[in-house]
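Here it is, the structure in full.
A, B, C, D, E, F, G and H label the chains in the order they appear, each numbered from 1.
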Amino acid sequence: MDVLVLLGSSSDLETSKGCTDILKDFGIDFKTIVASAHRTPELVEENIKDAEKSGTKVIIAMAGMAAHLPGVVASKTLIPVIGVPLSSKNTGGMDALYSVVQMPTGYPVATVAIDGSKNAALLAVQLLAINDKKLKKLLQDYRNKMKEAVIKANKEI
Amino acid sequence: MDVLVLLGSSSDLETSKGCTDILKDFGIDFKTIVASAHRTPELVEENIKDAEKSGTKVIIAMAGMAAHLPGVVASKTLIPVIGVPLSSKNTGGMDALYSVVQMPTGYPVATVAIDGSKNAALLAVQLLAINDKKLKKLLQDYRNKMKEAVIKANKEI
Amino acid sequence: MDVLVLLGSSSDLETSKGCTDILKDFGIDFKTIVASAHRTPELVEENIKDAEKSGTKVIIAMAGMAAHLPGVVASKTLIPVIGVPLSSKNTGGMDALYSVVQMPTGYPVATVAIDGSKNAALLAVQLLAINDKKLKKLLQDYRNKMKEAVIKANKEI
Amino acid sequence: MDVLVLLGSSSDLETSKGCTDILKDFGIDFKTIVASAHRTPELVEENIKDAEKSGTKVIIAMAGMAAHLPGVVASKTLIPVIGVPLSSKNTGGMDALYSVVQMPTGYPVATVAIDGSKNAALLAVQLLAINDKKLKKLLQDYRNKMKEAVIKANKEI
Amino acid sequence: MDVLVLLGSSSDLETSKGCTDILKDFGIDFKTIVASAHRTPELVEENIKDAEKSGTKVIIAMAGMAAHLPGVVASKTLIPVIGVPLSSKNTGGMDALYSVVQMPTGYPVATVAIDGSKNAALLAVQLLAINDKKLKKLLQDYRNKMKEAVIKANKEI
Amino acid sequence: MDVLVLLGSSSDLETSKGCTDILKDFGIDFKTIVASAHRTPELVEENIKDAEKSGTKVIIAMAGMAAHLPGVVASKTLIPVIGVPLSSKNTGGMDALYSVVQMPTGYPVATVAIDGSKNAALLAVQLLAINDKKLKKLLQDYRNKMKEAVIKANKEI
Amino acid sequence: MDVLVLLGSSSDLETSKGCTDILKDFGIDFKTIVASAHRTPELVEENIKDAEKSGTKVIIAMAGMAAHLPGVVASKTLIPVIGVPLSSKNTGGMDALYSVVQMPTGYPVATVAIDGSKNAALLAVQLLAINDKKLKKLLQDYRNKMKEAVIKANKEI
Amino acid sequence: MDVLVLLGSSSDLETSKGCTDILKDFGIDFKTIVASAHRTPELVEENIKDAEKSGTKVIIAMAGMAAHLPGVVASKTLIPVIGVPLSSKNTGGMDALYSVVQMPTGYPVATVAIDGSKNAALLAVQLLAINDKKLKKLLQDYRNKMKEAVIKANKEI
């Protein structure tokens, strides 16, 4: 398994699809686990250990509100952690953004935009592509398609 | 030990004095430990276990930035946790406030004001006083002194 | 009565159900009163006095906007006060959060998340459980159920 | 006494000078009292009753953090209340602004700028001037002087 | 005319009903004018002059976004101005709150809550009641009714 | 006079130097006037009329707090207005930014960064350069110098 | 072509209609291009070069989130750039406002309100009108119509 | 060169030392370049091309205010970009945080804390360590030292 996707709550499954669909499209070997930092700390630790054993290269962690999951994961492994702060009803995700990005020295979380589930996947692919030319090629194709979509949009104005 | 005071960083020692001085004044049996949620998760867990064994009734946890410590502690024990969000250079403590107060269902943190170190101690004393008339009396004295200070201030205007 | 639940407005009754349902489930002896800090200060004081007489151990107070209720209650009794800042239309509850959490030294309010009605109940149960092993057991069961729900969610992914 | 000035803390005395100096300059009959909404609620009520007996026409209340004082005063009298949210170390006074201005229907507080101690005095004078032509004249003079200061500043550029 | 109600835009008419209904209920002699500070500065000035001639005692001004209207009115008359910051789509009314409340020394605006249209009316009535015992009596009745509504709500829980 | 620089207060003179020094360096014909939107509305109008008569092409207006000046100027002339929101003690200039940028349809203010005094001048020069090749050349030189400074900085690392 | 309208995404086309309808009404010669700063930097540069060749006098750039487009355009041309920060789901457009307005010295963006698409057009017309009396006349007519609408609204109250 | 460190301004050199000192300590082959996204876009592109040629695996980009640099770099290469939002005088770095983290789909920036210069380096080392056991060992040593420092701090309380 190259990428482990951790969700703080089963209610995040819908948002996580933006992430996992992209991982699938790029043919990444990944697993999705719901594992709350507070409700199931053992499940979090267990999955981190499995990830380390199976040579996982990147962990993506998503959570809302006092979104401790990405930081807690980062504190328990040297595998790079990508954090996705999720919006909730009242604060537009500012609480989660602060909780994910403002990590103390030693335990960085690579934070993407609020609800930036897709970009978490793409960042993971970029990290894997550092040593994988085929993946780099696929990423370039992905960007080319986005570019073409913009050009096409102009023709339809 | 009735109260365990956990600091996220040794740089929080000065702010914690506002808390520990009051605990001392009220004659509370307490211990202060520096134990970062990210740098020393084992130390945090160890101290929580010690606290549970020794019948600790309240834990006070202080941290700044992505202040995970209070929430992480709350997830590992049924002992009530009082959280103190600490200010740091850039955000005036809003990052810590959000990270401490916006806990998910099941794992509340009793949050006090940003840098509210003294009130954390007083809230702890109030919790202990639920079943301790002597402590209740001391709290009432403390409030009376504050009241008198206000009345005295008026005489000096 | 062990817990007194005070609502700043009758429009908060729906949100308060998250709190009172949990209190009921844990078999807590409680009472719910609508008592605005501004509209009915006498009703607030009256209920605080009743609470003190009947040995109430925790007061939960919920309010929105310039949510003074929790702080006003805290200033009139030594019974610990749990404050729930409620969201309203424009500010996402930031006004209430500030009004509830930023209390001056001497009068702490144990603040939970914006609209954190359920966690207010659970924190109250935790406070009562300090000296009640049966309640502590029920809390542990509650957490176990949440844990199992997470584990079950993983099987359904 | 025409105006009662209430300060939430003796530490607000310096900021209040901006207010009281102007009241003096306009020859207003006023009194300054330090009376915390939380520490000395009785002192607050006492002074409100005195104010009502002595025909006080406006109350100015200043407080910082969870600045409940102006709202609490407004809930206990029909005398109009001018509220001054005071800044403190961490939040730049946003906590106080929200706590003062976001009052529920029925209990308005006439809020001025953060630390707007001078404008609280000038607003009080404007209210008194509704039925006092001499005061209106003095206010007009005050504004004229400000205007002249601007014109003079231009000559010195 | 005792009160002049100025709206920054005809789209504010609905929100203003909260204000004007209360003024009607209290039997206040008032007039509502739509007069944008930017689109129709002459109309604003004209109405201020009319207000001054007809002995108007309070002006209520409501506006959203960069809500200059209340401040602009305050700069052109000594009649006290009550400002109502109105919410709009993106910022929850924070832009309007800042634009209304943060006035420079000399030109205070008595600011009420975001969308606090009703409280603007009640504050105006309080100002008029300073010298009108009958109005004071009506205000007391209004507060009594609110109190009774709270008490009644408790019976229906 | 090609550019009129309006300051809301004489205390803004120091910040305005960042602007006026650049206007001088580019040889722009300009005038600086202190003219508060609230204290001296007539002075503001007078200077706008003078500006219109003398063919002024751009007005730069700077103000802090409830920074109405740029918007008030924009409402009184068709000359484009560049607004500079100025920071003050408590809010870091957010109040001014909102008051300057959130203008209603019909009366735009071309807003630059908080305290962006220099960029106000450079934007004015860009507007004048639309029809002035010599000025465009000077602007290009200015940008080239900034570029060279960056390149030089690299040599000194 | 006098005005180039750049949209960061084809999803901004609807908001841009507020802008382009006004440009049409004023008879401005303009072109709309979708050109993301990140997805199609070459398309952005290409269109800037075309704009410079064809004597374009103003560029309007709209974008949401980390809205780099206006600033990136400003860095590549001396043609004045009007920036429109667009709101998106979570932050109410504050992210875009900051990204557009807080430009460093040398590269100002003339920023209008969040979603201020119409005002971007009107500001562009004002810039063109500096040297075009006919356009100035049309702008005055536009403002007169807005004024009349306000006056008419008063008749219908 | 394994890591390229890009600074938006030479004034960021001091903050960047937190980053570069760590890179040195870990024996990383890196280069620091000052290259503003707006002032020297060519220099940015040039260095990105050099980085791609020399097999650079991570780019760290730091910038303040409307911090476009990290996003602009991310749009021009598939090399993963770590972004450091820098605080400046007025907004505490919120402007930079939003500009760096809120990137559109396709162009993620791995964002660390405001002024999180050290964590940017450590995250870069973590990325390089994915395929470098020796580096992983050094990282573990670094974390162990931090842990020991905490334990030592407890002995000195």
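What we mean here is this: contacts are C-beta pairs under 8 Å (C-beta built on N, C-alpha and C of every residue); 3 or more make two chains touch, one makes a residue touch a chain.
Computed from a prediction, not measured in an experiment: that's the story for all the values here.
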{"item": "Same or different residue numbers at the subunit C/subunit E copy interface, by half rule", "value": "different"}
{"item": "Same-interface partner of F-H, chosen from the options A-H, D-E or C-E, over half of the pairs matching", "value": "C-E"}
{"item": "Inter-chain centre distance, subunit C versus subunit G - centres from mean C-alpha coordinates, in Å", "value": "49"}
{"item": "Whole-Å gap separating subunit D and subunit F, where each centre is the average of the chain's CA atoms", "value": "35"}
{"item": "Distance between the centres, which are taken as Cα means, of subunit H and subunit C, whole angstrom", "value": "43"}
{"item": "Overlap residues in subunit G, where contacts from two or more other chains coincide", "value": "9, 36, 39, 65-66, 91-92, 94, 101-103, 106-107, 113-114, 143, 146"}
{"item": "Chain-to-chain touches, reported pairwise for every pair that qualifies", "value": "A-B, A-C, A-G, A-H, B-C, B-D, B-H, C-D, C-E, D-E, D-F, E-F, E-G, F-G, F-H, G-H"}
{"item": "Subunit D residues touching subunit E - in the complex, by the definition given at the top", "value": "57-58, 78-80, 82, 97, 101-103, 105-114, 116, 118-120, 122-123, 126-127, 129-131, 136, 139-140, 142-143, 146"}
{"item": "Residues of subunit E defined as touching subunit C within the complex", "value": "87, 92-94, 113-115, 143, 146-147, 149-151, 153-154, 157"}
{"item": "Complex interface listing, subunit B residues touching subunit H", "value": "9-10, 13, 32-36, 39-40, 43, 65-66, 89-92"}
{"item": "Touching residues on subunit B, where the partner in the complex is subunit A", "value": "8-9, 36-39, 41, 65-66, 68, 71-72, 74-76, 91, 94-95, 98-104, 106-107"}
